[in-house]
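In the part that follows, the structures are each spelled out as structure tokens.
Each of the two complexes below includes subunit A, the first together with subunit B, the second together with subunit C.
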Partner chain A sequence: MYHTGSFIRGRSLVHRLDPRVKLSAALVFSIFILWVKPSLALASGVILLFPALISGIRPRTLVQAIKPLLFLIVLIFMVHVFFSDGSGEAPGGQTFHGLSFSRTGFQEAFWVVWRFLCLMVAAILLTMTTAPSQMIAAVKYFLKPLKKVRVPVDELAVMLLLALKLMPILLTEKERIETAQKARGYDASRSGWVTRLKSFSHLTSKILTGVFRRADELALAMDARNFRRGERSSLVELKLTSSDYIVMGLLIFFFIIFVALNSHFG
Partner chain B sequence: MLIHLEDVYYTYETEGIEALRGVSLQIQEGEHLAIIGPNGCGKTTLIRHLNALLLPARGKVTVDGLKTDHPKHQAEIRAQIGMVFQNPDHQIVGMTVEEDVAFGPENLRLPSDEIKKRVTEAMSRAGIAKLAGRGIENLSGGEKRLVAIAGVLAMRPRFIALDEPTAFLDPAAAGRVLDMIDRLHAEGVGIIHITHNMAEAALTQRVVVMREGRILLDGTPPEIFGKAAMLKQSGMQLPQITELLLELKEAGLPVRTDIVHMKDALDQIIALTGKKQG
Partner chain C sequence: MVTDKISTRGLVYAALFGALTAAGAFIVIPLPPVPMTAQTFFMNVAALLLGGPLGAASQLIYVMLGVVGMPVFAGGKAGLGVLFGPTGGYLLGFIIAAFVVGTVNKIKKNAGTLWNIFSMTIGMLIIYTLGSLQLALVAKMSFTKALTVGVLPFLPGDVIKILLAAAVCSRLKGRVKV
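The block that comes next holds the complex of A and B.
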């Protein structure tokens, strides 16, 4: 079964990079793409294609990962097309079923969707090329200073691991219950809205009951394997290599160039 | 190392079920013990007392003299007695095989190099070294069971308690799990094995029969399966070999019915027919 953003094992340069470098790059890129001028956002998006290509992840897999969010993308686009004020534009724009839209609205919608897509691709690339244990080790590394103010960083890391593990469990549980319903002759697609709503609430309560039962058992199993509050060691040893330093250098270089260009065109 | 349960009582308060009613038991270092009994007789509750997952409402449980109800002893006890749950999906924490096997040693706060060493060793002992980087969701039921056992082995326990380790497995996968249990026992690890499969129980050194939260019988497999009437009365089956010998006896043949191994049964039948093994 395929799940959005699942880690895909590989040996590419992107896979081999230190998770701290990848996480920082993704964070800086996300802030950057929301902040820069449209033309630079377009260029940043094009640059993003480079790690996507060398990661060895097939474009089809990336599209598949974006697919579940297609509805949201279309919604964002429509909202911007129809609700943009179109100020500075000549009056008398086009209408569609009583809703007016303008060229500015279209432009604005395009850039918002572009930035949103860039954010998604960056996040998907990060999770597809970084093993969850590596990601957790990176998060733990960045949160380490908070230990001084008694933030339970190790527990937070385990919570993150369990949350990542829970996503596919929820989907599997949903599929299991739906199959059981179908096996007994229930077909949601043939029912009215009220029945569907009732069925949805039934499904949700079933999933939650199953997940809570499983969480109880998992907590017991964790106890059995000596899980205690406080510090834990880790299988993952984070070490920066020469490729990490080169990639960091390139990222800083591009960052400075883009900041300079952004202020120049501003 | 000695596990000692003394007059242990336990009640699940929410359900109001008295699961253990005065259980006393001693388990010696390196012993291979099977616990059998009908559903709800307290087998799982009993083994969960061994590594302090459950604490007795009355009575006491000690491991090498350490009382399980003492919070300071629990980490040491859990490192010594590993627990493999009935459903591996409820036990596996990591997202890949390697990550999950590392979970226990990480909790023991071992250095990264030592964790890697233990993970490699445990996976190889469990025969799953080639699965190291595989995602858990891509494993078969049998493989998951072996991962769960490897996760416990990485903590280098002296005892492993397994709750129905071959349940829901096909014969080939069950065979792999049983072979591994045998190997571990040969290496000196004590095995406490809950099972509904009487053939599995017959292969151990000692069988404990439970009924309604109490220990009904405790002895070697031939001693236990020799008491066929008592077992049947308690709703349990007998190993097929024992059943066969009982049928033969009923048919008037002078056979012993306290035999649980195929080879011994064959020897007896061959002796009766007057032929020698080739």
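The block that comes next holds the complex of A and C.
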């Protein structure tokens, strides 16, 4: 349950690429796909299939990762079909109960959903092929310039690592307390919702007091080991290899062609 | 965000609340008719207990956890695309709202429950505004439409979450010293 859309170990070319290349590619792609004309959005989506294929991630896994979004996708589609602003309304457009159907509405809805899907697939591919520690190293690299304006980038990276380790601990803690409550005869489904809310607030207060104690201990332990601020070394050393340069070159090539095509069609 | 010296304890607590907000994606508040996740609840608790800058840091950590690939955004989503997608504005809203809630709350010394609720309401408004703006922009709807889709369904739940946060904070008051 906690693993949809998270990292899957692998040795494909996409896995071995430098996280900085992947992150910036995904970033550029996500801005790009929202900005280009429909026909090029279609083409970009098709190009996205290449990394998807060579990443060695099964299509079924991808579909499963998108599944939780299905509701939102349907919602967006509906909004566009039913509430199309009707600018340039075709004569064939029909209305009933104040709702308007139109071909433009359908088209618009299709393209919005298509772009949205492309965004999601790109993001999922990125996170499925990049280990969190690699990703943190990449994020830290890109945030480095912010040090000039005194944003504590190194501290943020440490916090991010801490949070990454804390999350599963918190979830087990929650499950532990819930089991304890059940063992003492608490049955959520049999009580009214005011009682349920009350017990929720009790539960969270308990979890929080517990984890606050842990946090105090952790801070003390860090201070005791002379934790200091600023630049720190990392297990993950980022280094661009020849395949990184080739991929970067390809991406820039496609990018320029698409930008040119986009302005040409306009 | 620009803090010269964060205490180690503050650093750990911000990380902790980032993780809590993230874990909030899996903690369901039992509400009729739709149970909802505990994320804005933890955002508010973080802002009230940690104050503005550290509260904002904790939410930044939460968003970065998602960017880095943990499925912690609403609906089990993860990744950078979400930030630029229709619901990204809400996430940006989390960071700014946490800062504002924490700062507004600190204006009054020994803030009571009413003041807590007031500052959290301001935070909610910020999240709604930013969220709807991006929703309107990305999903290409009008702002009013975005409000109907992106705010109205969540309004009752958020009111209850604010009340819950106020209850929990008054219970934990004075427990956190950063």
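Assume the second predicted complex is superposed on the first by the 185 of 266 C-alpha atoms of A that agree within 3 Å, B and C clash if a C-alpha of one lies under 4 Å from a C-alpha of the other, contacts with A are read in each partner's own complex, and residues count from 1 in each chain.
Here is the rule we go by: contacts are C-beta pairs under 8 Å (C-beta built on N, C-alpha and C of every residue); 3 or more make two chains touch, one makes a residue touch a chain.
Computed from a prediction, not measured in an experiment: that's the story for all the values here.
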Please indicate which partner A:Arg9 is in contact with in the superposed arrangement: first for subunit B, second for subunit C, both, or neither. first
Under the stated touch criterion, which partner chain does A:Asp187 make contact with: subunit B (first), subunit C (second), both, or neither? neither
Return first, second, both or neither, reflecting whether A:Pro132 touches subunit B, subunit C, both chains, or no partner chain. both
Tell me the contact category for A:Met222 with respect to subunit B and subunit C: first, second, both or neither. both
Partner touching more residues of subunit A, whether subunit B or subunit C: C
For A:Leu162, is the partner it touches subunit B (first), subunit C (second), both, or none of the two (neither)? both
In the superposed arrangement, does A:Lys174 touch subunit B (first), subunit C (second), both or neither? second
Show which residues of subunit A both subunit B and subunit C reach, each in its own complex. 1, 6-7, 132, 162, 164, 218, 222-223, 227
Show me the residue ranges of subunit A that touch subunit C in the complex, using the header's touch definition. 1-7, 23, 26-27, 30-31, 34, 68-69, 71-72, 75-76, 79-80, 83, 85, 108, 112, 116, 119-120, 122-124, 126-128, 130, 132, 135-136, 139, 149-152, 155-156, 158-160, 162-164, 166-167, 170-171, 174, 188, 193, 196-197, 200-201, 204-205, 208-209, 211-212, 215-216, 218-219, 222-223, 227, 229
Inside the complex, what are the residues of subunit C that reach subunit A? 1-9, 11-16, 18-20, 22-23, 26-27, 29-32, 38, 41, 45, 57, 60-62, 64-65, 67-72, 75-82, 84-87, 138-142, 145, 149, 160, 164, 167-168, 171-172, 175-176
Which residues of subunit A touch subunit B in the complex? 1, 6-7, 9, 131-133, 161-162, 164-165, 168, 214, 217-218, 220-228, 231-237
Given the complex with subunit A, which residues does subunit B contribute to the contact? 48, 51, 53, 75, 78-79, 82-83, 85, 87, 89-91, 93-96, 98-99, 102-112, 115-116, 119, 133, 135, 137, 151-152, 155
